[in-house]
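Please find the structures below.
Next come two complexes built around subunit A: one with subunit B, the other with subunit C.
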Partner chain A sequence: MTDFVQLIFAGLALGARYALVALGFVVIYRATGVINFAQGAFVALGAYLVYQFGTTWALPFALAVILAMLVSAGVGAGVERVVLRRVIGRPVFAVIMITVGLLFLLEQFVTSVWGHQSLNLGDPWGVSTASIGTLVVSHRDVWTLVLAGVVLAGFFAVFRYSGFGLAMRATALDQEAAMARGIDVRRVFAASWAIAGAVGALAGITIASGAAGLNPGIGLIALAAFPAMILGGLDSPLGAVLGGLIIGVTQTLTAGYQPQYAAWLGENFYVVMPFVVMILILMVRPFGLFGTKEVARL
Partner chain B sequence: MSRSSANPVMVRRHGDDLRLFPTRQKKVVYAALVVAALALPFQLSGFWTSVAVYAGIAAIGGIGLNLLTGFTGQVSLGHAAFLGAGAYAGAYVGSELGMPFVVWLAAAALVGAVIGGVIGPFALRLRGSYLAIITLGLVFLGQHVFQNWTSVTGGLNGRSIRIPVAIGPVDFADLEVLGHQLTRDQGYFILVWALVALVALTAKNIVRSRAGRAMQAVRDRDLAAEAIGVHLARTKVLAFVLSSSLAAAAGALLGSYQRFVHPGEFSLVLSIMYIAIIVVGGVGTTFGPILGAVFITGVPRLIESVSDRLPFVATDTAGGGLITVYSLNWAIFGLLIILFLVFEPRGLAAMWIRLRLYFRSWPFSY
Partner chain C sequence: MPDDGHEPILAVHNLEVVYSDVIRVLRGVSLEVAPGSIVALLGANGAGKTTLLRAITGLLPVHHGRITKGTISLNGTEVTSLPPPAIIRHGVAQVMEGRRVFAELTVAENLRIGGLARRNKRGLDETYAKVMELFPVLADRKDRSAGLLSGGEQQMLAMGQALMAGPAMILLDEPSLGLSALNALQIRNLIVEINHGGTGVLLVEQNARMALSIADHAYVLDNGKVVKDGSGAELLADRDIQEFYLGVGDAGRLSFRDVKSYRRKKRWSA
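Our next item is the complex of A and B:
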């Protein structure tokens, strides 16, 4: 039983990391209708920038995180301005491929600057663990959950109550109508890329500060966050967080019990489990759990 | 079919537009291409012959993906899984079952077609971005199977593949022409590029048939296509089946040429390579994927061969320099995808057509 609760908690913490990555996808998809494959590059860039600021330049950790998020946001906005703005209105396929190209480009930038070897972010959260009854939780996991919660609450507040959030929602609904009402659609696009960059950086930090350390493979975890985003529906922040948590818990439970009860599925089945869940859910609900149904019109 | 503008003859009827060889000039050009292809392996060094073989194999897979993505408009990131399935199927049928070339190639294509036919109907429900991501999941599932089905795939360590490439008495790995002994690479070059020609012709014929027109109608507007009587599900599944069987055949050829495959080869990166091939070559053209395959396969080798003369490139990860050859290759690869999509979305094929038009109307270019 303790094992089970422990696995659930680990799954939630992992899921919160997925959720942070998935939120970055969602904010861009909502505003611009683009699936950003380069999100993994923002994750990697953010984590390496924190290493640069926090470890190499020995700035305080919180300051390093904020700086990394700002720089990452700047890169996001810059990418939008220089590349994505030129291809507005092109087929989905073309835009997706452009973000794939960006992923390759940014990843090579990261490995060229910081190298291929594994780096250590130090111990920003404190390795110490807290015990709740028989449950042992690490501070890092608690922090990750809190951060995901804060970001989600922030998203909700901005989308719901700020004028800018209203502009974003209007743009997502109908670009031309939004423009006709005097909304600066270009600014909305740039801002959503900047937000995605910042959230990606935050996700990168929670991933990289773990036991595995920081290596160029960090961008790959963004791929595992695709199922989280799809599961929730492409355009729902709440869906992204719930999807992330579901995927995280499913993955740790699979890692915990599959070798024992379903060994025939092969070693490391938990790695592909998110994709299995995603495919199964999409078979039943083609637009995810909370996604907006596309209305087909002739 | 906006090709008509580049055609020298007046196109009066739809039939004219569909003709394979509209002019005598075109026939001469194709004949010259065949002669050049036959002469090429004797002119290239062993290294570049081998690169050309890889390019030919990529062209076969690329033509397949182009049928699905370029002509039917369905984005698939799952091509690597089909290549892998084909490679292992070909290896199993060719070595464990000891079948000859024609049989293992057909078996690989069949396995690809069956998998595509099984997955196709499910993927039909999804559109655009959702389809792209679910096919991405396919790559990861494929790799998991390749790693764990050890009796066929050899698991993580990969497996060696020794399968025959002989049609009747003609063994392409050990070919002798007019008393002249050919290397294995040269033999493979002839075999693979003959297959490229065959596949390209088949694809061209599919595209200009009823089924091909249905595919293009689905690509341009699926609802409108359905309204004028195109069977949406059947058309999409057909495109899926054709594309995955060609991918599987390419995979089997790749395995037999390399004589070794391991699961790591069939990763997302391979899928993206294939998308780059059709993007750079020209989406929705028959000639495009071949150009793209040559370009995408050739450019990294070209960069490698000149990299020791570039001062900012490091030859190994430990050495100095700003960027490693490996990183430079991937960075240029990413840059190429972006530049082509931003500035020349119709690819090398469109550039070629424009160039031709320029010289044809010279000196009255406009």
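Our next item is the complex of A and C:
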């Protein structure tokens, strides 16, 4: 029983990381209709920036995290302004390929600056743990859940209740009608990319913290978050978060029990679990858990 | 109409609009709207009415359109080709053809969106109360998804959205389109009521009888040009208008081809 609760807890922490990555995808997709394959690069960039600020420049860790999120947000908005705004009106396929190109460019930048070797993020959590009764939880997971919770709650508060969130939702629903109401949709686009940059950075930080370490492969986690996004329904922020949590929990449960109860599936089966869950859910609900039907036309 | 000595709230001068750099849709359109008046803009399908509204509110780029000649002024300030947020802050709010409310958002959220562009947020609650008073049916349904409203209610919501910006003037693009006669009449009366509050109206309509019955002045747009203008009463009495837009006169001439050839003759003789 303790094992089970512990796996669930670790799964939720892992799921929170996926949720942050998936939220970045969804925010951009909703506003602009673009699937941003460069999201994984924000994840890598955010983590390496924390290393730069916290370890190389020896700034306090919390400050390094905030700065990394801000810089990554700036990079996101910059990419939108410099590259993507020029291609508005081009075929969606071309825009998506541009984001693929950006992914490779940014990853190349990361390895040129920080190299290929595995680094220590320099977070204060390390491998330390806390005990709650018989339960042993890592500080890293606790902080992941706290930070993700705060950021996600902030995002949803803005999205639901603020004027800016309303402008974002209106733009996603009908761009021209939003413009006719005086909403500056270019600002909405830029802000969406900035938000994606910031939450991607935070995801990267929580992924690379502790024993995991920092290496250029970190951007690959975006691949595992992809099912989270599709599962949630591509254009639903809430769906992205739930999709992330579902996939995180199934992944840790699989890692915990599959070797024991279904060894015939082979080693490391948990790695492909996100895709298994995605396929199963899409078979029942083709538009994801919370997606709108229109998305299917893609 | 401009002879009352006031600066027109909207003045369009010799406007030319081209789509995709080649399709010229407006060819030298001029018109004026005096403060607090209702001006009707009539014209057949494809005449360029919606295009004119897009040109005024800065929505042409969405359609790959561009103003290639002429000017648009609001209260004497030139605003040609300014983007939509700037136009709204100059006091002009548009209700688009087909209403275009945000179907998945609630009525109240739709109205809040209408107020987003406003600089002075202090008058917002007051405007909201006024809109609710003007359209009591919206007050009853304020937490309902806009997509669930009837066509007439959606038209009211779209008008309410525009009013939330606190405009000096609204542009309405075929508000009676697709509505029952009763609903259209209701919309007509609401337009009059809004206008009585001092808001200027530029009313694009195919329902010419309705539009002319409330217009202080009216223009007829044909193939990208203003071919006629006059007071609402004058145009109601005009033989061509009766024939083309009001469906009175020789029934035999009402087929499209006949009207066209008749128009050609009419132009020659003019």
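Heads up, the rule we're going with is that the second predicted complex is superposed on the first by the 291 of 298 C-alpha atoms of A that agree within 3 Å, B and C clash if a C-alpha of one lies under 4 Å from a C-alpha of the other, contacts with A are read in each partner's own complex, and residues count from 1 in each chain.
Assume contacts are C-beta pairs under 8 Å (C-beta built on N, C-alpha and C of every residue); 3 or more make two chains touch, one makes a residue touch a chain.
Because the structure is a prediction, the values reported are computed rather than measured.
**Student:** If you count the residues of subunit A that each partner touches, which comes out higher, subunit B or subunit C?
**Tutor:** Looking at subunit A, the partner in contact with more of its residues is B.
**Student:** Considering only the touch criterion stated at the top, classify A:116 as touching first (subunit B), second (subunit C), both, or neither.
**Tutor:** It touches subunit B, and subunit C stays clear.
**Student:** Determine, under the contact definition given at the top, whether A:74 touches first (subunit B), second (subunit C), both, or neither.
**Tutor:** Neither partner.
**Student:** In the overlaid three-chain picture, which partner chain does A:169 touch, first (subunit B) or second (subunit C), both, or neither?
**Tutor:** second
**Student:** When the two structures are overlaid on chain A, which partner does A:217 contact: first (subunit B), second (subunit C), both, or neither?
**Tutor:** Touch partners of A:217: none, neither subunit B nor subunit C.
**Student:** Touching A:234 in the superposition: subunit B (first), subunit C (second), both, neither?
**Tutor:** Only subunit B is touched by A:234; subunit C is not.
**Student:** With both complexes superposed on chain A, which partner does A:35 reach: first (subunit B), second (subunit C), both or neither?
**Tutor:** The answer is first: A:35 touches subunit B but not subunit C.
**Student:** Under the stated touch criterion, which partner chain does A:60 make contact with: subunit B (first), subunit C (second), both, or neither?
**Tutor:** So A:60 meets neither subunit B nor subunit C here.
**Student:** Of the partners subunit B and subunit C, which touch A:182 in the superposed model: first, second, both, neither?
**Tutor:** Once the two structures are laid over each other on A, A:182 reaches subunit C alone.
**Student:** Hey, which residues of subunit A end up touching subunit C in the complex?
**Tutor:** Listed in rising order, the residues of subunit A that touch subunit C are 89, 163, 166-167, 169-170, 173-184.
**Student:** Which residues of subunit B touch subunit A in their complex?
**Tutor:** 69, 73, 75, 122, 125-130, 132-134, 136-137, 140-141, 143-145, 147-149, 223-224, 227, 268, 272, 275-276, 279, 317, 322-324, 327-328, 330-331, 333-338, 341-342, 345
**Student:** In their shared complex, at which residues does subunit C touch subunit A?
**Tutor:** Residues in contact with subunit A: 57-59, 62, 64, 83-85, 87-89, 93-94, 96, 100-105, 109, 112-114, 116-117, 161, 165.
**Student:** Provide the residue numbers of subunit A that touch subunit B in the complex, in ascending order.
**Tutor:** 29, 35, 83, 86-87, 90, 92-94, 96-98, 100-105, 107-109, 111-112, 115-116, 223, 226-227, 230, 234, 265-269, 271-272, 275-276, 278-279, 282-283, 286-287, 294, 296-298
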